[in-house]
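Quick heads-up: structures coming right below.
You will see two complexes here that share chain A, one where it goes with chain B and one where it goes with chain C.
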Partner chain A sequence: MEASKVRDELKAYIRTNLLHDPAYPLADDEPLITAGLMDSFSLAQIAVFIETSFGVNLPDNDLTVPNMDTLELIVARVMAGPSGA
Partner chain B sequence: MTVRTLVEPVAARARRDPDRHVLTFIDEGGQREHFNAAQLDRGAAAFAAALAAVGVAPGDLVIVVLRHSPVLLSAFWGALYRGAVPSIFPYLTEKLDPQIYRERIGTLVRHSGARAVITFPEFRGPIEALLHGASCRVLTADDLPLDAARTWEAAPLSTTAESLAFLQHSSGTTGLQKGVALSHRAVLRQIEAYGEAIGLRDDDVVVSWLPLYHDMGLIAGCVMPIVAGIPLVLMSPFHWVRTPGILLSAIHEHRGTLCWLPNFAYNHCALSIRKKDMEGVDLGRLRAVINCSEPVRHESHRRFLDRFTPYGLREEALATCYALAENTFAATQSPIGRPPRVDWVSRRTLRETQRAVPCEASTTEAIAMVSCGIPIPGTQIDIAGPGGARLPERCEGEILLRSDCLLAEYYRRPDATAEALRDGWYHTGDMGYLADGELYVSGRRKDLIIVAGKNLYPQDLEAIADGIPGLRPGRSVAFGVPDENLGTEAIVMVCELEAGEHDRDAIARDLRKRVVQQTEVTLKDVRLVEERWVVKTSSGKTARADNRAKYLEGRVG
Partner chain C sequence: MTLTSWPFALFVAAALIVYYLIPRRFQNRWLLVASYVFYATWTWFFPVVLAVLTAATYTVGRGCRGSRRWLLAGIGLNLGCLALLKYAPPLLAASAPAGFLLPVGLSFQVLQAISYLVDVHRGQTAPDGNPWDFALYLAYFPKLLAGPIERARTFLPQLARPRVVDDAAVTRAFALIVIGLVRKVVIADGLSELVPAHAFDDPLRSEMSGLSLATTLLAFAFLLLNDFAGYTSLVRGVSLLFGIELSPNFQLPYLARNFTEFWNRWHITLSAWLRDYVYFPVSRVLLRRNPSARHLPNVIGPPMVAMLVSGLWHEASLHMLVWGALHGAYQAMERVRASRGPVVPPDKWSAARQARARLFVFALVTLTWLPFRTGLQSCALFLWGMAHSVAHPGLARVEYPVYLLIALALLIDWIQHRGRDELVFLRWPSAARIAALAAALLAIALASLGVAARTFVYQEF
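And now, the complex of A and B:
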C-alpha cells in the first residue's frame, strides 16, 4: 500500500462524500474539523472507509480530533497500520 | 413513606442496599468504572458539604461545568443534597473557541445569579478571573471536605416537593437561554408516569451516550434510572460520535434493555459502525430503542433495522417519544412492544390545507409520518388552530399540553413564563396532528434548526456573519435543509458581499471557522452572493423560508 495512493483515495472520498464539493482545493495540512469544514461524525465515516478500502482498523483511541484533523495526519495514521507502530 | 424529593430515594438506597450497582462509566480509553449506591451517596455528600462550606444555601443556583464523568453525577446530586438548584452547562470541546466559551459561562452566571460554579481544576483560574466581582464561588473536585462528607445528612428540611430541583436549558446557543425550572414534584411525577408508559422493570438496564445538559440525556439517561434504581451504563458523547460502535457493544456486554437516541443517531450507527466493531454483538435483549428530540424519520428506522437485524435487533424494539424540557422530558410515548405506527399522508394536502389525508404509500406525494405515540399518564395533548380553537383529529395545528410535570417557570423570566403558559396550557410552538389518539409531529418551532439533536436559532448564526469583513451586515441568512444521509438537518448560509473585490474563499473559510468555534456546528454550504439577493419581508425582517426556497430552486450564484 503506497502512501500516495492512500492519500489520493482519501482525498477523493473526503471531498466528494464529506465536503460535498469534489473540486474543493483541499490542502494536505488544512484543518478539517477545527476549521468547520467537516463534522466529528465524519471521523467515524472515515474509519469505515479506511476499513473497507485499505483493510485497516484503526484503534478507537486514535480516532480523535487532534489525531485526524488533516489529510496528512490521517494518511500517516493509515500507513502506520492497525497497531500504530 | 411518600417520596418528596429526588434526594430521598438515592440516600435511602445507600443506607438500605449500599452495595447495589448503580452506574458503569466507560471512559475514552474503553475502561469501565463501577459505582454502587454508597459511592454515589458519598460523592454527593462531599459536594454538598463543599457547597455549604463556601456559603451556597438551599435554593441557590449552581452551574456544573464538567466533562461527562462520574464526578459530574456526584456534583449534580451533591447540589441536590445541599438543596441547591444545579444546572449542567455543555463542556468545552476542541472545536469551540475557549475564550468565547468562558465568556458565555460568565454571562450565564451574571444573568442567572448563580452562587457557585463546579468545574475541573484546570478551569478554575480562567473562570475565577472571569467572575471577578460576581458573588459566585468556583469549586473543583479538589475542594471536597471528605471528613465533612462522612457526617453530611442528605435532604435538608427546607427542601419540599415544590422546591426547585434543577434547571434544564431548552434550546438556543447563547448564554441567555431560558432556564427551564423544574420542581422535585414535577420530576418525580415524570419518572413515575414515564416509567409506567415504558413499563420500566427491575431487570432493565439503560445504556446512554447522551449529553446531560439536554433533557433526553439528563432525565432518560441519568435521573430516571438513578431514582428508580435501574442500572445505568454511560459513555461520553464525544467518544460515541467518533466511534459509534461502542454503544452497541456496551448494550451487548451490559445486557442493555433501554436506549434513547435522537434520529440522526440511527443513521450514524447504520452508516458509520465498522464490521469489526459488530463482531459477536447481540442486540436481542434490547426491548426499546426510543427515538426522540428531533423529527423522527421512517427512513432512519428502516436503515437501522436493515443494518442491525442480523445482530438480533427486533423490529418491535423500535419506539418513539415526543419530549420537551418544559414537560420535564416525555409528553408522549409509542406503546412498547410494537413498532410505532407509520401514517402515509399526502404531502401537498398537509402543506396546503393543514389536513393529514391518508394516501397510498406508493404514490409520489406520499410522506411517511411516524407516530410519537400517546400521551403519558397525567399529560394531555390538544391541537390548536391560529385563534386558539381546538382542532379535530387529522387537522394540523400547534401542539399544546397540560400535565402534572410541567415546568414551574422559566428561571427568573416571568415574561417568558407568562407567554408560554396560558390558562394552564403550555404552548409548545411545535406543529402536529392527532390520529387515533396518537401524536404526529409535523414541524418544529418557527425557524428553529435541529442539527443532530442540537437546537440552533438562525439569528445566532446570522449575527456571526455580521461580524465578518466583506459581508454586508444584516444581509446574511441561515436555514436548515434536509440531510438524508445523516437523517437530520444541515445548515446552509447565504451571505451578501460588500461591493468591490474580495477573496471569496478566505471569507467563506473565516465564516465556517467562526461558526464552528461559537456553535460547534459545521455549515454544509456557504454561498456568497451579490447585493440584493437576500429576500426581506416588507417590515425588513429576513424571510428565511423564502430564502430557503430560493436557494433550493438553485437560483444562487
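And now, the complex of A and C:
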C-alpha cells in the first residue's frame, strides 16, 4: 500500500462524498474538522471507507481531531496500520 | 454538602492543607479518603454503592481485554446498578423501600466505568494495576457529583505524574472558581429565585402573559447554562489547586451556528462519550450495510439513537425522550440539508448569515428546553399560554432583574467569545482585572446574603 495512492483515493473520496464538491482545492494540510468542513458523521464515513478500501480498522477512539484533522494526518494514520503503531 | 457553601470551602481548604503536608506518594490515597468522606456527607449508602461499583468494575476490567463476555458482564453490571437505583424507584413509586435513594452522580460514574471497560476491551487502555488509583478515577470529589465525564486514559496518567501547581496554575484555578461562582450564585441562582417554578409545572394557573412565559423560558435557558457551566468552572478550578486538570464542558453553546456545533459546545464530555460509544458504532454498522451518505437510515439513525440515549440517561420519562428525539431530528435534518450542495464552513459564512443561524439555533434549543424541564401536558399548556395570552396586559409579569441577569450572562459570554479564551480576563490590564474581580466578589457576596446555597441542576441526574 503506497502512501501516494492512499492520499489520492482519500482526497477523491473526501471531495466527492464529504464536501460534495469534486473540484474543491483540498490541500494536504488543510484543517477539515477544526475548520468546520467535516463533522462526526463524516469521520464515521471516512473510517468505514478506510476499512473497506485499505483493510485498516480504525477504532472509534482514534477518530479524533489530533488524528484526523488533515488529509496528511489521515494518510499517516492509515499507513500506521490497525494498531496505529 | 453543596459546592457553593462555606462547609465545602472549609472542606477543600482542609483537604489542601493535608495534601501539601504529606509526601507525594500518599497524596492520591489522601484524595481518595477525602472523596469518600465528601460523598458520605449525604448518606453512608452512597459511598457503599460507589465502592461496590468500583470493586466490580475493576475486577471485570482486568478480565475484559479481548473478552466480549467480560465486557458485556461489566456493562450489564453498571447499567443494572443504574437501572435499579435510578429508573426502578420512580417506576415502583410507592412500593419502593424507604431510604432507597439514587446516589448523587451515579449516572456520571456509570458512564466513566463503561468507557473504561470498553477502552480496556479494545486495547486502548491498559487495565489499571493500582486499584486505589482506579477508585480515585471514579470517586475524585471535584467531579463526583456531575462530571466532567473523564476518560481513564487521560485521568489516570495525571495521577501518576508529579503535580505542578505553580503561580500560573493557582491564578487560573481562582479565576475559574470566581467565574464559576458568578455564573452559579449570581446568575443561575438569581434566575432561579425570580423564575416561578409553577410557570412550567402549571402554566395556566401562573396567570402569566404570553410574553412573560416566553421570557420565563428564555430565563430557564440561561439558568441551565450558567448553573452547569458555573458548576464545571468551579470544580475545574478546585481540581487545579490539587494539580489535576479536568476537561472543559462548555464552550459558549448559545453561539453555535448549527446543531452539530451546539453539541460540540454543550456538555462536551457527555457529547464526546455519546459520540465514541453510541454514535460511531451505530454509524459504522449502518454504513457497512449501505455506504451512501444519503441513505436515510444512515442520516437519521446515528443522531436519533445517540440523542434518545442522552434523553434516557437524563431521566426515564416520555418528555425527556421527546427532548432527545427533537435534537436527533434537528441534527438529521441538518445533515440532509448539508448533503444537497458543497460544504461551506460556518466561519466562511457572511456575518449576517452567521447571526441568523445563531438566532435560529438558539431559538429552537430554547423551545426544546421545554420538554427537558417539564412534562408533555405542561409543555402543551405552556405553548398554548404563550400563543394565546400575548394581549392580556393585566396578567402577571416577569420581574425586571431577570433581564439584567440575562444581560450579565450574555456579557460574560461575549467577552469570552471576543477574547477566544474563557480566562481572557487574566489578560486584561491590572486595573481592569482588579475592578472586574472586585465587582465579581461583591456580586457573589450580595447574591449569597440570606439565600441558602442551591444544589446544581445536573446533580439531579
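Operating definition for what follows: the second predicted complex is superposed on the first by the 85 of 85 C-alpha atoms of A that agree within 3 Å, B and C clash if a C-alpha of one lies under 4 Å from a C-alpha of the other, contacts with A are read in each partner's own complex, and residues count from 1 in each chain.
Going forward, contacts are C-beta pairs under 8 Å (C-beta built on N, C-alpha and C of every residue); 3 or more make two chains touch, one makes a residue touch a chain.
The model shown is predicted, which means the values in this text are computed figures rather than measured ones.
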TODO: Using the superposition on chain A described above, determine whether A:His20 touches chain B (first), chain C (second), both, or neither.
DONE: both
Request  = Give one of first, second, both or neither to describe whether A:Val56 is in contact with chain B, with chain C, with both, or with none.
outcome  = neither
Between chain B (first) and chain C (second), which does A:Ala76 come into contact with in this model arrangement: first, second, both, or neither? neither
Touching A:Pro66, do we find chain B (first), chain C (second), both, or neither?
first
Exercise for the section: Identify the partner contact of A:Phe41: answer first if only chain B is touched, second if only chain C is, both if each is, neither if none is. Expected result: both
Residue overlap on chain A between the chain B interface and the chain C interface 20, 35-41, 43-45, 47-48, 51, 60-61, 63
The residues of chain B that touch chain A in their complex are 28-30, 94-95, 238, 241-246, 268, 271-276, 452, 486, 505, 509, 512-517, 521-525
Chain A partner, complex, touching residues on chain C are 119, 122, 124, 260-261, 275-277, 279-281, 283-284, 287-288, 291, 293, 302-303, 335, 338-343, 345-347
Contacts from chain A onto chain B in the complex sit at residues 20, 25, 33-41, 43-45, 47-48, 51, 57, 60-61, 63-66
So, in the complex, the side of chain A touching chain C is made of residues 17-21, 24, 35-41, 43-45, 47-49, 51-52, 59-61, 63
